[in-house]
Amino acid sequence: MITITRRVEFSAAHRLHNPELSAEENWRIFGICNNANGHGHNYAVEVSVKGAIPKKTGMVMDLKDLSDILQRAIHEPCDHKHLNHDVAMFEGIIPTAENLAIAFWKGVAAELTKYPGVKLHGVRVIESRNNFVEYFGPDA
Amino acid sequence: MITITRRVEFSAAHRLHNPELSAEENWRIFGICNNANGHGHNYAVEVSVKGAIPKKTGMVMDLKDLSDILQRAIHEPCDHKHLNHDVAMFEGIIPTAENLAIAFWKGVAAELTKYPGVKLHGVRVIESRNNFVEYFGPDA
Amino acid sequence: MITITRRVEFSAAHRLHNPELSAEENWRIFGICNNANGHGHNYAVEVSVKGAIPKKTGMVMDLKDLSDILQRAIHEPCDHKHLNHDVAMFEGIIPTAENLAIAFWKGVAAELTKYPGVKLHGVRVIESRNNFVEYFGPDA
Amino acid sequence: MITITRRVEFSAAHRLHNPELSAEENWRIFGICNNANGHGHNYAVEVSVKGAIPKKTGMVMDLKDLSDILQRAIHEPCDHKHLNHDVAMFEGIIPTAENLAIAFWKGVAAELTKYPGVKLHGVRVIESRNNFVEYFGPDA
Amino acid sequence: MITITRRVEFSAAHRLHNPELSAEENWRIFGICNNANGHGHNYAVEVSVKGAIPKKTGMVMDLKDLSDILQRAIHEPCDHKHLNHDVAMFEGIIPTAENLAIAFWKGVAAELTKYPGVKLHGVRVIESRNNFVEYFGPDA
Amino acid sequence: MITITRRVEFSAAHRLHNPELSAEENWRIFGICNNANGHGHNYAVEVSVKGAIPKKTGMVMDLKDLSDILQRAIHEPCDHKHLNHDVAMFEGIIPTAENLAIAFWKGVAAELTKYPGVKLHGVRVIESRNNFVEYFGPDA
């Protein structure tokens, strides 16, 4: 197996908050991440795809195409936005790094159906140097 | 001259917006940084101080003390906050990286008056790998 | 499968030395890492856990809890210590990166038994940018 | 399972070009990477091996030996070279990151046959912070 | 004094070679950097400008404008190119990091004349993690 | 002015301790850095030199020569050593980052006297990502 990975970055605000819970319980669960006005990160997302390597190109997939997909599926909707208020894919979803990884997986996987033989392998969402999430899809 | 530098990090939301200007002019000046709900960064701040090196300690200043000052003057008021709404030192100030550097300089310099022979040399505010600001004080 | 990873750092001295071997054999096996007075590193340890994502929290596990565990199991016993002389968990163990990873796995896994549904996935011990070890547990 | 990973770096030029295709098709497939005079990167390669940990050494493998292998198999043939014109292992091969990973795997695996109980686990070729390839061997 | 710094990156091949010298002398001076087919780097360039901070904007200069200048003056002419053969600003110039810094200074300074009150402060050319050049202009 | 900077790294143990003071005072001043068995770091040192740029070479100084000097003056005496016990240049000196910077300055400056027109500009000693020291010489 061989994977190629492309990284994309964006800067966004978010707030960890479950509107179905009380203020007290939100604070107990999310702590300072529950701050009403939000806080923010320079997010980085690394997306890995796998496939065979055609002799003609030597590439699992055109990196420019993968980069364009990440722009459309991740950077454009999220960069310089508040994830809770401005981004459709997070409506009704608490924007934890876990949920970001799952949402980005769906968006990228949908675009990759146009590339036969190429499969999404993993999505890594890096919130800061100190914490990141890796998701390997609903079937892993 | 010798300087020692200590780094501190915090995650915060902010919005570049001048309430005295129209929505159109704000957008023209600040672009996507004017997004109404804000966006965010993992900020890093590097604070440099200078002074002589006493033979007894071999240190310009106790790094633990400098670290404590940065916690009080920078990390505690700003981490997991929205700089426009939650942080007293930015009331009435557009929270650009330039203005953060000046505000942090003031806060740190005030604490350093307790350390005779030690002088604040510079404050670097790093918003992302791609842009940072360096401030060397009102007299530089 | 989804994993969340938390990073912790510590600065420590160590010496690669097997007291059951001769000085010559220790030098042959460990080279400069056998220096009698030790040498040191800024270690980083990345610990990954896996589990389901409760809809209520959107998190595999509270990152603050994971961070507290890493403080107790890794940072507090090791930071600003000599791993051979000052740290109980390395008594009788050569403090190679491999053995550090196994010891940290044990310490963290013991604490995680309090979190039903959360499992330790991997421990990465980074000695320097140029070498690191990854351990996926006794059953992997 | 436990792996140890060693990193090696080199600076090289390369050009993505398939001599069996027309200039137009090369441009269509490889874009700016097809520039006739080539371009270049600071490559980093991380090689992971796995094995048991002998109690006597506490190490899967002597890191100095692994480092020497990477010097011979990767750094010496490639550093400060043009991968298309100067490096025997890439004759007739388009030097994409994918093909580099496969070629380095072969070279390192051949040397590792001298180390019973140690197996090559993975090769990561990092072309830039934004893209890298991971190869886990012909049997993975 | 306050400076803001913007970073831009490009990947390029180059060769250190003085055509007025013999092959032997070129090799003696430039060593492996004289390899006939060139080698390459992921270059990063950090450009710092200084100026006053208008209360209206809180910014020395619009970062988007600075970013656009760096795209035109540095990234577009150099990215995925061979600096010796493909880039007009290096005709007749040995593309050492020193000469890159001076050439980029000239290109950026020419564009900054449109911004009254903003002055170019420094250009840092980073060839690799292990070596970089800083240029503070012909008057420094 | 133009400077070129070269980076060198080493891994070492050290202990902050003044033998002329009591155990209590050492602990009060140096805290955990006073641990009797020492602790350690992956140190990085960045050395900057300045000079004119001869048209013939386009380089302030041959980087290979500067690299060799750093190997002899910094890496060889310090790597995989205990700075307090194994390194002659620190005899009678508390090995704080400040004192390291001054000692390295002396060693490098002595070697640079063989290079007319080249002057040592600065020495940066990086103990960890969170703290570093910069020294600009006895005349700065």
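Per-chain numbering from 1; labels A, B, C, D, E and F assigned in written order.
Here, contacts are C-beta pairs under 8 Å (C-beta built on N, C-alpha and C of every residue); 3 or more make two chains touch, one makes a residue touch a chain.
Here the structure is a predicted model, which means the values were calculated and not measured.
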- Query: Smallest number of touch links from chain A to reach chain D?
  - Reply: 1
- Touching chain A and chain E alike are B, D
- Maximum centroid distance from chain D, chain identifier (CA atoms): B
- Repeated interface matching A-D, over half of the contact pairs identical, chosen among A-C, A-B or D-E: A-C
- In whole angstrom, what separates the CA-based centres of chain D and chain F? 34
- Message: I'd like to verify one number: the distance from the centre of chain B to the centre of chain F, where each centre is the average of its C-alpha atoms, in whole angstrom.
- Response: 28
- Task: Spell out, as numbers or ranges, the residues of chain B touching 2 or more other chains.
- Result: 129
- Every pair of chains that touch: which are they? A-B, A-C, A-D, B-E, B-F, C-D, C-F, D-E, E-F
- Which part of chain A faces chain C closely enough to touch in the complex? 16, 18, 20-21, 29-31, 93-99, 101-102, 129-136, 140
- Task: Spell out the residues on chain A that touch chain B in their complex, using ranges where they run on.
- Result: 9, 11-14, 32-33, 35, 37-42, 79-82, 84-86, 127-129
- Note on the structure: The answer for chain E against chain B in the complex is residues 1-8, 48, 53, 56-60, 62-64
